[in-house]
Amino acid sequence: MLYCSSAIGRIVRDKINIGPMKRFCLIFTALVLFCAPLFAADKPRRIVSIGLCTDQLLLLLAEREQIASVSVWALNENMSYMIDEVGNLPLNNSSVEEIIKYQPDLVVASKYAAWDTAKFLRQLGYQVKQIPLARSITDIYSLLRQFGEWTGNQQRAESVIEQMQSELAGIEQRYAERPQKTVIVYSPNGFTIGANTLENDLFTHAGYLNLAASMGIEGFRPIALETLIAADPDVLQIDRNLSRPDSLATAYVDHPALDKMIEHREYLDIPTRLRICAGPMITEAIEIMARRR
Amino acid sequence: MSLLSGHNIDYRIEAIRILEDIDVQVEAGELVGLIGPNGAGKSSLLRLLTGVEACSGGEVRFEDKPLALMPATQRARRMGYLVQGAMAHWPFSVEKVIELGRIPYQKWWQQSSAEDRQKVEVAMTKTETLAFRNRIVTTLSGGEQTLVMLARILATEPELIFADEPVAALDPYHQLHVMEILRNHAAENRAAIVVLHDLSLAARFCDRLYLLNHGKLDCSGSIGDVLTRENIARVYGVDSHIECGEKGVSVTALSRVSEHHP
Amino acid sequence: MNIKAVEPRVLYAILLPILLLVFLLALNVGPVEIDLGKGMQDWFSELTTIESLILFDIRLPRSLLAMFIGATLGLAGAALQGLLRNPLAEPGIIGVSNGAALGAVIVFYYGMAGFAWFLLPLGGLIGALIAVSIILMLVGQSRSIITLILAGIAINSIGGALIALALNFAQSPYAMQEIVFWLLGSVANRSVNELFIALPFMLAGWGMILYCGRFLNALTLGEETAKSMGFEVARMRLVLVLGVTASVGAAVSVAGNIGFVGLVVPHLMRPFVAYEPRRLLLASAVTGAILLLVADIAVQLLSSNGEMKLGVITSLVGAPFFLFLILKSRNVLQ
């Protein structure tokens, strides 16, 4: 900075013959114009993401040069929507040692995963930002905005939000005539998804009534198989990515009673990557759900 | 033809020779005694003769057919084995214990028949155990328990009874009672082989004796042939007094022989 | 002292109706109230309704499984106690159940279970067999109860550690937390599939055990006497052990290690069958079925979402009982 100004000062003095006041203004303007890019560069340049959902947001909103590393989950076929964008970016296992190696100026994580890594990094003096759990589509919009701010890509965030809004409006219009249907989710270990969750909001936007929410279930809770069957939903959403159960948890969704239920009901299988993280991909999920109504 | 005979019996456990070249014969109607000092191999010989253990050399024949070829069920029906210190592990009633003697005649799904129960009655009568048929066998005295075990064998109606030191810890009353039962059993044209320590009892009840020493047959024959002062001194290492009278034969150990090494 | 033994006819005239009653009660228990009558009607009319689905696809398999497993554990306990002539022997205490769980865990979590229906219960069988063989080797000819318990502690500890290890290295992220199921046992969420793969092994095991009934009676007088009664002791012991490991192996492979049933049940029933090991077998089977059904009903009533494991109930009852048995026989133990 000082070197800049002294150099410019000498050049002006030697080459241009103008009065001292005018000289000063000229130098000042030149300085501002010259150094502006340096001031304006608040954007983090080495961002590391240590979770699946921040991976998605990072790959979506940030410039490629800003990204130092994404987590290994970004390459998971079932869970990562932005998998094609990963390319040859370095991957991390969310361990502190790996992350320090990248000397990040910003670390992004979810509030509800790898929080001990986040805490440790903060103690070591790194800048760590955590995204909260989105419980509705409105939450997703504020999340996108916030993330845009942290990474210096506010405009990009706004355009993504705009696109989402128009897509959602479109979907609602297209499927307005179809009747509303009832639905319940059943996942490994017998868990269902109730009110005050993002999934629930997706169902509402897609024209479904989530019976678990109607029963008063909030958040992620286990539900007895009998209760599920007694609720008699039109649609059952099951996570059946595995052909053979590899644990007792995944064997829950393999119970023969569910097969019998599905014979007479509908079976809705939304790819996990479309519904597990906050982001524009949820509109695709809503489209699939609405279409199946 | 002997009821039971053993020829050139050898018995080895790992490298140790327990029995060497033993010949034994038991005829119907006989009560045979196996005597000898501790560790002479009497119990082992008895076990080989019952077929519970196999000989290392030589063979045992039952009615002149190899014992080893006899089916287990037949063997169980025709031979009864009273082990040393026989006791019941679970607190059965006396009657239940004796009923176990009928197992060789029952298939695995069968219950006791009327015939079985009748044989049990007969066995209890012979051993005079009717009085405590409902008592728990583990609460009986040593002598009473032995009678119950003997009754169990009698319920099987075997031809041969093998008894390993049946009277070792019993009072005189029960000692005589047990020996009498064995004597009576042999008398019904069957036979019994008994391992004994008490030489007087052996002399009084047995028809013939086999004297074993260090795994070898020292001598055999009638009471008079085997129970001589010289034999006893040589094998047992004690100087004894033998008295033969109309009340029977009694052997009394007097003193230890100094040069004897057991 | 005379034992209050009960005639077989009378005993089963009492036990069997109790079993039926408890079974019907178990069918009536669940998170949802349903009309059993309607459920049965619908099923027979081949209608798939909520009632028929809940009754026949959820509750019936679960209760049947509880019944068969309870019978298996009771029977196996009685068999082992007869064989080892030791009232403290039972599949859980001597480590057979943990061995079975280890075998099942290896088959299930490492992807082998899907290839054929019998591989999972077979894994349980092999695991149980290895555990029992080690126990028999350690105990040898010793009649001492202490030796048996110590050997059991050793096998149980090793088994538990290996189960944790196997789960740790398994692919599935859920594996590690499922250790609770394997060590405590549960019949929740088990379907007809589990019943079908376990039943053949259990029934075969029962057959082998019951075949050895007379042998166990003869064993009361000692191995030598049993031999003289015409039993090939080594062969009979093998058949009995195979029966125990097949049935327990299959039971554990679908429901985890449910402990103490095989200890409590034979002890309760022994006086009623005049201490006869052979009679004890069937009596323990029926009583075991009853007790496990009762425990499963309790589990469903006590925890609304079925999170409590069956083994918690059986341990809460069985462990103090075990302690009481040890204290009571302190003088007799050698």
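So that you can tell them apart, the chains are marked A, B and C in the order they are listed, and the count of residues begins at 1 in each.
Everything that follows uses one rule, which is that a residue touches a chain if its C-beta (ideal position, glycine included) is under 8 Å from a C-beta of that chain, and two chains touch if they have at least 3 such contacts.
It should be emphasised that the depicted structure is a prediction, and the values quoted were computed from it without experimental measurement.
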Starting at chain A, fewest touch steps before arriving at chain C: 1
Central chain (distance from its CA mean to the mean of all protein CA atoms): C
Centroid from C-alpha atoms only, then distance chain A to chain C, rounded to Å. What do you get? 49
Round to the nearest whole Å and give the separation of the Cα centres of chain A and chain B. 90
Please compute the C-alpha centroid of chain B, do the same for chain C, then give the distance between them in whole Å. 43
Under the touch definition given earlier, write down the residues of chain A that touch chain C in their complex. 188-190, 222-227, 229-230, 232, 244, 246-252, 255-257, 260-261, 263-264
Touching residues on chain C, where the partner in the complex is chain B: 1-3, 85, 210-214, 217-222, 224-225, 227-232, 274-277
Residue positions on chain B within touch of chain C in the complex are 47, 50-52, 72-73, 75-77, 79-81, 83, 86-93, 96-97, 100, 103-104, 106, 108, 134-136, 139, 149, 152
Chain A touches which residues of chain C in the complex? 30-32, 34, 48, 50, 53-54, 57-59, 109, 111, 113-114, 170-172, 174-175, 178, 181, 189, 191-193, 305-307
